[in-house]
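Let me begin by presenting the structure, written as structure tokens, before commenting on it.
Going by the order they are written in, the chains are A, B, C, D and E; count residues from 1 in each one.
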Amino acid sequence: MTFITVLITLLALSVVTYLVSLINNKLGAYFTIVTSLVTLLLLFLLKNSIGQLASISLFTFKLTTVGWYFSMVMVVVYFTSAFLNPFWMKKMIYPAAYNLFYLVSLIGTIGMFFARDFITLFIFWETVVWTSTFIIQMGKSRKSSYVYYVVSAIGSMVTLFAMMLVYQVSGTLEISVAFNALTGQPVLALIVFFTFLLAGLSKIGIFPFHVWLPMAHGSAPHTFSPVLSGGLVKMGAFIAYISVSAFAAYEAFSSSFTIMGIPAPIYIIMVLGAISIVVGTVMAIRQDDAKKLLAYSSVANGGYILIGILLFDQLAFAGGMLHLVSHAIASATAFITIAIVAHRTGTTKMSKLGGMIHKMPITYTVYLIAIISMAGIPPMGGFVSKWLILQGLADHGLLFIAAAAFFGSIGSFMYVFRPLSAVFLGQLAPKHENVKEASIMMQIPMYLLTIATLLIGVFPKIILKVIAGIQAEAGIQEIVMVGNTIVVANGVLDTFRVFVVFGYGFLIALVIFILRRKSRRVTLMDTYTSAEFVHTPELLHYSSNFYAPFERLTKKPYPVLNLYEKVSIKIKEIGHMAESLFSSPKPAVTIFWIIIVFAIFFLGGVL
Amino acid sequence: MNNPVLLIIIPLLLAFVSVIIKKAGKWILLLGVLINTVLAFFITTGETIIGGFLPPAGINLVVTQFTLVGVILINSLMLLTIIMSIDLVGKYSVILLTALAGINGMLLTGDLFNLFIFMEITVIAAYILSAQAKKYHHTITYLIIGSVGSTFYLLGIILLYHLTGSLNMADVAAKLPLLTTKELLVPILLIFIGIGVEVKLLPVSGWVKGVYAHANRLIAPLFASIIAGTALFVFGKLFVSVLPLSDTLTMLILVMSVMTFVFGEFAAFKQKQVKEILLFSSIGQAGLITALFISGLVYAAVILIISNVVSKLIMFTIAGAFTEKYQTDNYHSLSGVFVHNKITGIAFTIAALSMTGIPLLIGFYAKLNILIGFFHAGNYVLPVIVLLMTIVEGAYIIKLLLALWAPGKEGQVSLESFAVEKKQLLSVKNTAICLIVALVLIVGGTLIDTTSKIVTNGQPLLGDESPYFIISQSKGGE
Amino acid sequence: MKKVFIGIFIIAFTLMFLIAMSNSISLFTYNESLPETNVSNDYIHKSVTKDSEEIIFNETKDAETGSANIVTSIVVNYRSFDTLGEVTVLFLSAMGVMLLIGSSDLFMKRKKSGFILRTAAKILFPVLLVVGTYIFTHGHLGSGGGFPGGTMIASSFLLLYLADEKFVAKIEQFKTLLGSAGTLYILIGLTGLLVGGYFLQNFLPTGTVGNLLSSGIIPVVYISIGLKVGSEVTLIISSFLKEEVTS
Amino acid sequence: MIRLASLLLLLIGLYGVLTTKNVIKMIISINIMELGVNIFIISVGFITNGVAPNLTEHIDSSLSNFVDPLPQALVLTSIVIGLGITSLGLAFARKMNKKYGTYDLTMIGGMKDE
Amino acid sequence: MTVMNFVYGFIILLAAFIFQTTITGFNRKVTARIQKRYGPRWYQQFLDIFKALRKSSITHGWIFDFGVIMALGGIMATVIFIPVAGFEAFPNMDNVYIISYLLAIGMLGMAMSAAGSGNPWASIGVSRALTNMLAYDIPLMIVIFTLIFAFDTASVSEIAAMQQGMGILGWNAIRMPLGGIVAFIALFGMLGKKPFDSFIAPAEIASGPMVEYGGKHLGFMFILHELMTFIEVSLILNLFFGGGSSILVYAIKYAILYTLVNIISQVMPRYKIDQAVKFFYRVPLVFAIIQGLVVIFLGWGVSVWF
């Protein structure tokens, strides 16, 4: 079962899906679910053929554990959010094209993770970029997919420059070999490091390049947002992994001066990651649209992943990789649940929603578990990875980055709780009276993802074993697992025991609660309002500008977006100047320029 | 009977004959274009003498691999353009036939003065064709700039004749290195300005906006892909194999072409009309191609010309159809036009994406070669500019595509009802041709080895030794 | 003020232009004899293919071109491809002009011309015709040839237009003449290709330099060019006189 | 000396194109330029006390000091091209005048591309 | 993970509850004394709790109950993990981050049930509580981070053990004075004592999240409050004030620390929530960072005495 057959089958299935969805959209959408399931199984079977080389016409591939790990995460996210496709077929202008692009971008990601040479990596990367650009445009705003394309284009073009520079210096395009040629020149290594990493940073949504993330995730079609923030953000992490493992950044910059023990260039990128955590958290707390809020949380978590991977040691690297999985699953679940709410009520604006728990209890519990993991609270997966990252940072003594990490994790309590209380809890508006629970088809992905979060949370051994494999492959010290406890330099974590003790505590509380007298059921409107009789549920529901005091504190920070707009206006001015200078209806202007050119050349030639 | 002279003579003969017969001009034109394309595939590299007199005295037609690619490309594109807009030809069949003869003459001739005459034929045909848009003041501007340019070019050739004593390109190329750069400065400069007009380099491309912006579905692709392509091939032939450039001159010309490239792209970024975006982007691309020729990367330049010329053909035909059917090509008022004619949309999108260099399209292969070529030549500044401009180009192309594909205001999910009212953009035949040509872009981009084999079949183009991207070379240790 | 600025600008440019030109050519001195490397030596001695040092008027038989006027030998024989291109240029501009303003078939009203012009035109018209035909038939002997001859014919028709306000040249016939002359020229070239292996090859015997039927295809070609140029220029003139069609 | 004069003619033509707004004047100055270039071409082939390149009874041998014939052939072509361009230019000018009622290019510039 | 661990856990739970409730009882008398009155009996706190548990109460839906149970469950789990003077129910499970993040489960449960009650006062209270947490937690976490870096271990009992032996000089609060100050101030924030208790302000937002609670829900809240106080005070005690060598010493230090905090908080006004955030992000944050840099770069305070 070589990797090429997997790619070919996926390609064939996606074409079949396109043809089917031309005939009947809904059936085509179901085909996307089937195809992603088939890919998941095929990829899983590839587990034991790691290290196999494969090549077809222009592309060469190499099956690595890290590639397998990333693509498994990606396919899981694609598979689970495919379940929503059938319900959005009517809402899109080009449903058939949507199904095709959905699967082609999946092929793009998988191909990219297993790429062996730069050209394959770049080609699959660009396929993902332009397919997702055309998907995002089917959502609410064209501007966001335009900004998305421009920022990714900046990233990928700069990376192409780095790739070609390395190809010129080393003579070979193979990723693992090409970077060794840089050991000689430190200056060249510096240029290549920053330029190569740029595409990754723009895709994860690190500070200066995070501009597109809230716009694109916020306004993409609801069924593609989980893929965007759960899956596609991870492609950037892969580039960060390459820059640390294949590029061997630590050896290349061992000579340059170090800050707190980390070589300067890597430290700069980590500071960028820290800033994006802070910016992501602050902006997430302010948002009123649930999807934009979750998008900003992806910016913040992207920062965690980047810091984890860049530290490239036993602890933080494992934390980063684990956070990658737990964030992918948690944010995919969160987006799916918000999509279901949007499907039922038509809006994701928190100020317009409320009391969904009464109508959609299952969706509520799934969302609760997802945000527990996203905020990094113990029994769920998010905690384990944050714990590892924080321990890693403590090992290295990186104070400022740790401060940003703490701000991120505490801040995440705030912004994850906001949708919980504004959308699900509180008063149910009369207009949402006839909202029904999510249909069976929608509940399947929710259950799968919740079980996955719980599993990672309580038994992280499954994932950490694979991460240990990756660490061995990358040549760094592996994470040590004794039974179910993670043994680390300054501490030990046995997640199963934490879960059991929490269960024990919960049991005691439950026993006390049941022993006491039953309490009388009262409607939500019957609350203590200190003699102010309010009869309209909307007024009694506190959901708009939830963190008003905090928002007053953080007046709008300098929005980076209009930095991009300033640049584009500047380009337009130059363009206008060029057009008015040279192409005017009077020929005299052109003749004038001919004389000027003649003069310049003559003076240039003579001197 | 694969004598290249026939490529020039047959259209000319048909032109004269069609004046006599006076009716069914369209079919004679189609016949001429068909014969030419078939013939183009049969000619082989080599030299044919006209009138039996050896080159320095007589005129000869030189067919190198570089010219062969040019001839095949331009003739087949002419065939496509004519087939696609056969209904608009009307009275212009004679002019088009003569223009075809002029274009083939420009590509094939090995004599400087002969090149001047064939350039005149093509340019005059272009003046007449550009008059069909009834914007006579633009045509007059074009005529005046064109004639000033050709006068300068003529002066340049005569100076070369005075210095070297012969008009044949190979002969002149042999004698020029013996002369001092001071003597050579003025003739090369004059020739550069003369050719620059046709190649649309910035200071002398004042006429382009007026002429291209109002051309219809037949004339626009004719100008943008066929005449532009020929001018670029001629520029390449002249400045790579004939005129020796001193380094200060190379630097000056390089600065000018990069300036054209940058200003062209920026101006395209600003435009609102589809055709104006495309024409400024073609000015920009012309700047880049001249920069490639000047720095000796002929293979990369040829691939870029092919990718540019083919995608411009499709895009200008469809842009022409916009004005034809919707009377405007401002892409804001055309929002969602592709909702109704999807296949045309797909062809337009493939061509547009090939221009921005999305992988698996020939545009990407061209960009790859440009980067490898510049790095090999040790020039690290130009690739940076090329990549930045690709971003700008990608920006305005995507903005254009999004406006055309997804109707509806910001913040609204785009629905079919927001799109502009339903009209059939191109006839079924034209849509099919557009799609097939677009597929050529894809095939050209994926099967890279076959493309490079077809374009070079072994010999380096015009002696350009710099490496170009072949899959086998990049495979690394298997 | 603008005029002054442009004036200074142009003067400065002229000085610079002249200095630049003087680098590559000497503005004031001319060379005494043709430099050896120059290609024209072969034209003069007609020694491009056959090597002959000296051509004597009325004596050398079947030289390369056989035409006494060396410029004509260049125009029609050595570089006849240029002339073919040249003729197409004129053909193209004639077609263009006719397309643009010649499409309507009614003429602009012309005033009645003066008595002297009307009578003089009647006398001069045939004289011009005869001189024109003489010029383009004797192209290979004396100076002149297809182009000046053709324009002479056209000016004769112009004279008629000026003189007689009701005169209308037969446009259609001129067009057919135009087409057939052009086709004749190309057919000669093609026969040269079939017979001699090169396009526009001089396959007829060139005879002795100097007498009328001497230099192969040159007179034939020059006659066709003369007719072609004459008809083209006449058409251009007549289309200028045509009414404006507001299409 | 003739070369200097021809180049000056060229520059006068260039000045003409640069300053006029009227199209007819522009075409006339284009003609002056063409004239300048043609005279220059002839002057390139000039040989002091050379003879016209025409074998006649008096100058019967090809060894006599002929003037360079090639430029004269080129001038022939260049003059005809000049004719072609001028006739086309005038045709366009007439059409423009009929459509916009003026020969002044700048006036039309105002009505951008209606 | 034997049954004995669970039994020890239950014992700690019970001991913690009884010990802390008596301390609260005493402190209610101390507060009264400050306000020139005698104050209730020392076991008044027990009576209030058991009275509340006996009364019947209303419920606003299943999330209202589930939230309260989850809150108390989480807090009980955290208490089990707290090392008291070297005695731990579950050996080497007392990692600082586990404790601080398990605490968050309790907070989340309470917040969920408060928001579930549908009363706007509750939601405002929750939003203030979370903002308050953001305020006090960052400086505290930075100082704890410095401790972990200094002592190369994140387990609370080991840090407490390292401070033994030198008497008062061994305390971290003395070795890292700035860190000690920050921890002490953060304790006020954690406990929700006077200057930072805007999220349960009785007058402004009708005691915030607890507005809808009555009967056994109120009883749960009291137990929850007691246990959280125990966790927070013992955490700061272990980390900064040397933790007790024996249980008795631990109890005395604990009582003194808690009463000190209570006394100070009686005379404090109440910060608005954004003033609290501004307060914490000015002086305490700067102190924490200085302390961090000092420890990381200069290494003082780690082994300054021996």
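One rule holds for everything that comes next: contacts are C-beta pairs under 8 Å (C-beta built on N, C-alpha and C of every residue); 3 or more make two chains touch, one makes a residue touch a chain.
Computed from a predicted model, the values in this text were never measured in an experiment.
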Partner chains shared by chain A and chain C (touch criterion as defined above): B, D
Which of B-C and A-D has more C-beta contact pairs: B-C
Chain centre separation in whole Å, for chain E relative to chain D (CA means): 99
Geometric centre distance via CA averages, chain D-chain C, whole Å: 15
Inter-chain centre distance, chain A versus chain E - centres from mean C-alpha coordinates, in Å: 35
Gap in Å, rounded to a whole number, between the CA centres of chain D and chain B: 29
Per-residue multi-chain contacts in chain A, two or more chains: 584-587, 591, 595, 598, 602, 606
Residue list for chain C, restricted to those that touch at least two other chains: 13, 17, 20-21, 25, 38-39, 43, 79, 82, 85-86, 89, 92-93, 96, 100
Set of chain B residues in contact with two or more other chains: 113, 117, 120, 124, 127-128, 131, 137, 140-141, 144, 148, 162, 167, 182, 185-186, 210
Chain-to-chain touches, reported pairwise for every pair that qualifies: A-B, A-C, A-D, A-E, B-C, B-D, C-D
List of chain B residues in touch with chain C within their complex: 3, 5, 9, 12-13, 15-20, 22, 48-54, 56-59, 91-92, 94-95, 98, 101-102, 105, 109, 111, 113-114, 117-118, 120-121, 124-125, 127-128, 131, 159, 162-167, 171, 175, 182-187
Chain A-touching residues of chain B, taken from the complex the two chains share: 137-138, 140-141, 144-145, 148-149, 152, 181-182, 185-186, 189, 192-193, 202-210, 246, 248-249, 251-252, 256, 263-264, 266-271, 280, 339, 353, 356, 358-360, 364, 367-368, 371-372, 375-376, 380, 383-384, 387-388, 390-392, 394-395, 398-399, 402-403, 405-407, 410-416, 446-448, 471, 474-478
Residues of chain C that touch chain D when the two form their complex: 3, 6, 10, 13-14, 17-18, 21, 25, 27-28, 30-34, 38-40, 43-46, 53-59, 68-71, 74-75, 79, 82-83, 85-86, 89-90, 92-94, 96-97, 100-101, 142-143, 145, 147, 209-210, 229, 233, 236, 239-240, 244, 246
Chain C residues touching chain A - in the complex, by the definition given at the top: 9, 13, 16-17, 20
Chain C residues within the chain B interface of the complex: 20-21, 23-25, 35, 37-39, 42-43, 48-49, 77-82, 84-86, 88-89, 91-93, 95-96, 99-100, 103, 175-176, 178-180, 182-183, 186, 189-190, 192-193, 196-202
